[in-house]
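Consider the two complexes below, in which chain A is the common component and chain B and chain C are the respective partners.
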Partner chain A sequence: MESKSKSNSNSIVVRLFGSWVSYMRRCLFRVISVGPVPSHLAFILDGNRRYARKWGLGEGMGHRAGFLSLMTLMKYCYELGVKYITIYAFSIDNFKRKPDEVQGVMDLMLEKIEGLLKEERIVNQYGVRVEFVGNLKLLSDPVRNAAEKAMRVTAHNSRAILLIAVAYTSTDEIAHAAHQSCLDKNEGVIRLADVERHMYMGVAPDPDILVRTSGETRLSNFLLWQTSSSLLSSPKALWPEMGLRHLVWLVLNFQRVQPYLETKKKKLL
Partner chain B sequence: MVSLQFRICFIPSHLKLQLPVPRRSLDLKLPPRALSSAIKAATVNGHPGEDAGFLRGTAVPAGLRRESMPRHVAVIMDGNRRWARMRGLPVGSGYEAGVRALRRMVELCCKWGIRVLTVFAFSSDNWFRPKVEVDVLMALFDRGLREELQYLVSADVRISIIGDSTKLFNSLQALLANAMETTSKNSKLHLIVAVNYSGRSDVVQACQKLAVKVKDGVIEPEDINELVVERELGTNCTDFPHPDLLIRTSGELRVSNFLLWQLAHTELYFTNSLWPDFGEDEFLLALSSFQERQRRYGC
Partner chain C sequence: MLDMDFVHLATFLRRIESKALELGDRMQKGYKRIWSSGGLGLYLLWLFMHLIVSIWYFAVDLVNSLESYLISSGFMKQYKDLDISKVKYLAVVLDSEEALDTMKVLELLRWLTAMGLRNVCLYDPEGVLKRSKDALSLWLRSEVVPNGANKDGLVKQKYLNLEVISFTDGKHAVARAANFLLKKHYLNADAEIPELTESDMADALAEIGYAAPEPDLMLIYGPVRCHLGFPAWRLRYTEIVHMGPLKSMKFGALIKAIRRYTMVRQNYGMYNCFNRQSAR
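And then the complex of A and B:
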């Protein structure tokens, strides 16, 4: 009886502490939101395997840790008012990795998409629409069917959009757009708008910031077209280590350069 | 052939900031089309360093490894105007100092066996700068090319221009065409100068060319893939169209519509140095940073 009341009071303390942390975070976001907040963040989720090696975790556990980090960061971004988040979940180049690893990532993706379809918790709480962008024909049938179902189920949401780049590379996206543009009846004339219309990423505006974790500074064939004017950031943290302070630092850096970028954009319009 | 493109960007040298580069030692039934797409992508992007034979006979600086030297370096030469403003000089002086930095860069690339140097000299967005500035720049291109053509010939440097040069003055267009013709047989270094260039426009013009070929029945739409698109881009003038290293001076952390397609697997290096201050030491830092990167190409 006594131990039950002790554990009840412990859980009340934990809940209170959690609420206080949440409240402080929302206050911090209110302060940051006085300045411009990026409307579209793109992430290259690099460093999962290194994280697993660093902490002696099993094969594939790095990607699971990365998924948890993704959920947390998504929550923070949507609380802050970021409308679009794009993540580079799986590149066409990643198919060259060991078959076990590729299978592990595909299994994880399938598990998480099915979990999303079952619970729909975070997605509906924030009104998130999920879009899978990439050459989905390269995926196995179960994964592709689950992805298409997830897109159908969340199509009615409109407060925020999560774009998951799977079986994606920018050069494949552009080649696909070129192919589709040539199929249109255009008398052999193609303009910029025609190419953009056929991009997989046509559902979202260009990212304000492209973040690549783990300190590597390269684009790895991700959103080459869309990030021509984006701020590039490469924090040293591995993807599973990304947290609130990294997001805050990112936004503050964005606010420093944003006025100049806005002026430039207006001149080009 | 090697192309060098110079872009002069000036950044205050005291703002030496560089993005941190941590040193770190990186029965699903795959649909057959997924594997073949990945293999095609690897072929398109290529793996430099495998052909280290190009570096034989060149003097690689101490501390750098010959086999890990980049084959193609691209530069966004940013910060010329800031350099001039900081010294109370007119903008034209900033651009002139940038040209000198460019010349230093060409010499270093020739000395160290880099085959292609691509520089962002003038973006299609730069037309929005004040007319006076644009006129100064155009005059500088003209004068610079006339004065340096002899040097390029003697240094065995081939020059190519990418971008829409039809918007330039006729005399400058003629000068550029003459320079390309005169140096076309040179092979030590290929200097690619991007003038009135935009990465997106480059891709759109490639798609446009393909659309015309489809309309004329030369190719079918189904034949359009990454290799086919790549062949139509402006950088088809070189055998090594993909930069291994992109350097941007002045501390700006953006690609600014430069070589979009070609930067797929390029290592990016950002420094706070202004372009006129970017010399041998800064270039060595950039190359050492490049040599410490682990390039995995998705693996």
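And then the complex of A and C:
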């Protein structure tokens, strides 16, 4: 009886602490929102395997840790008012990795998409729309069907949009857009606007910031077309280590350079 | 004489008037921001956060300047040996306004040549460098470096393969390639247009004159780490380094960036050896 009341009071303390932390975070975001807040953030989720090796976790555990980190960061972004989030979940190049690892990532993706479909009510409550961006024909049938179903189910939401790049590379996207433009135009001239319309990423505006974690400075064939006036960021933290302080630092850096990027965007149109 | 004084006075008063209007505009923007942010307190807190960030970057700049000085003076021994052959193709992205300073660009090219680089691609979005390309090439060729005579008694002349591109060589080139492919397949009106692959695009770009190598390393000289529209299909696995504004470029910082690249390439090669997979 005593232990039960003790655990009850413990959980109350934990809950109070949790809501205090959440309140402080909202205050921090209120201050940051004085300046311009990016409307589209793109992330290359690099460093999951290194994280697993660093902490001696098993194979595949790094990706799960990365998933938890993704959920937390998404919550912060939506609280801050970021409307579009794009993540580089799986590149066409990654199909060349060890078959066990590829299968592990595919299984994780299927598991998470099915989980999302189960929580449909919550997803719709938050108004999140999910889009899968990339050459979906390269995915196995169960994953592709689940992805298409998730897109259908959340299509009417518009408060926040999550774009998940699977089986995606920029060069493949460009080739696909060119092909679609050719199919559309039987005669006449293909203009740049036609090509841009057929890009997989045409459903969202260009990203304001492209973040690649674990200190790597390459873009690895991700959003090369869409980042003409985006801030490229390369924090040294591994993806599962990304947290609130990294996001705040990122947004403050963006606010410093936003006027310059705006003028560049207008000139390059 | 009185007329002249009157003209001077009028000009002076006009200048004061325009400065006052400018100040009024700025104050109005400030008030709007304070109002929309919900109060002076929040605005001051926000300014304070940015002040901290600015102080941090000021300190980082000081440390980097000191390090650049030490590197270029030869005090740091590990920077003496540089395996420049690892950088097969270098791209330099310049902000268009900074690219107007042709003498600075020439100085940068001299440094790159002195380090032993032979293939450099210069990019600026508005095509400013294309206008000064001839002048740059002429200046570079005219600099005959006395490298010591070889057996035939000829003086070796260093030269740089310089490629200069702008924004129109990026996205617009893709549109042109798409038109090229459309005409090519449209000629066979009966046949269906096959699914275009990446190699089809690459071949099409080559046919219309855009067959250029992918840079290993890209240095960005400008206020922001942004590639400003560099041709997308050439940027796949390029390492991107931000060097800061062109007007404050330092030789030591350049050596440091290139050396860091060569060290990373070494590790990447070793990693590849163990794994035999292509990493991201």
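By our rule, the second predicted complex is superposed on the first by the 258 of 269 C-alpha atoms of A that agree within 3 Å, B and C clash if a C-alpha of one lies under 4 Å from a C-alpha of the other, contacts with A are read in each partner's own complex, and residues count from 1 in each chain.
Note that in this section a residue touches a chain if its C-beta (ideal position, glycine included) is under 8 Å from a C-beta of that chain, and two chains touch if they have at least 3 such contacts.
A quick note: this is a predicted structure, and the numbers were derived from the prediction, not measured.
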| item | value |
| --- | --- |
| Superposition on chain A - do chain B and chain C clash or fit | clash |
| Which superposed partner A:R256 touches (first chain B, second chain C, both, neither) | second |
| Touched partner set for A:G58, first chain B, second chain C, both or neither | neither |
| Partner chain in contact with A:L232 - chain B first, chain C second, else both or neither | both |
| Which superposed partner A:S214 touches (first chain B, second chain C, both, neither) | first |
| First (chain B), second (chain C), both or neither touched by A:V189 | both |
| Touched partner set for A:G35, first chain B, second chain C, both or neither | second |
| Touching partner for A:A178 - first (chain B), second (chain C), both, neither | both |
| Location of chain C clashes with chain B - one stretch out of 1-9, 19-27, 91-99 or 145-153 | 91-99 |
| Shared chain A contacts, counted only where both chain B and chain C touch the same residue | 91, 93-94, 96-97, 169-172, 174-175, 178-179, 181-183, 186-187, 189-192, 194-195, 216-221, 224-225, 227-234, 257, 264, 267-268 |
| For the chain B and chain A complex, residues of the former touching the latter | 19-22, 24, 26-31, 33-35, 37-39, 41-42, 44-45, 125, 128, 199-201, 203-204, 206-208, 210-212, 214-216, 221-222, 224-226, 228-230, 253-258, 260-261, 263-270, 293-295, 297-299 |
| Chain A residues within the chain B interface of the complex | 49-50, 91-97, 99, 102-103, 106-107, 135, 137-140, 167, 169-172, 174-175, 177-179, 181-183, 186-192, 194-195, 214-221, 224-225, 227-234, 236, 257, 264, 267-268 |
| Interface residues, chain A side, partner chain C - complex | 30-35, 44, 46, 91, 93-94, 96-98, 169-172, 174-176, 178-179, 181-183, 185-187, 189-192, 194-196, 216-221, 224-225, 227-234, 252-253, 255-257, 260-261, 264, 267-268 |
| Footprint of chain A on chain C - complex, ascending | 33, 37-38, 42-43, 45-46, 49-50, 53, 125-126, 167, 170-172, 174-175, 177-179, 181-182, 185-186, 193, 195-198, 200-201, 223-229, 232-233, 235-242, 277-278, 280 |
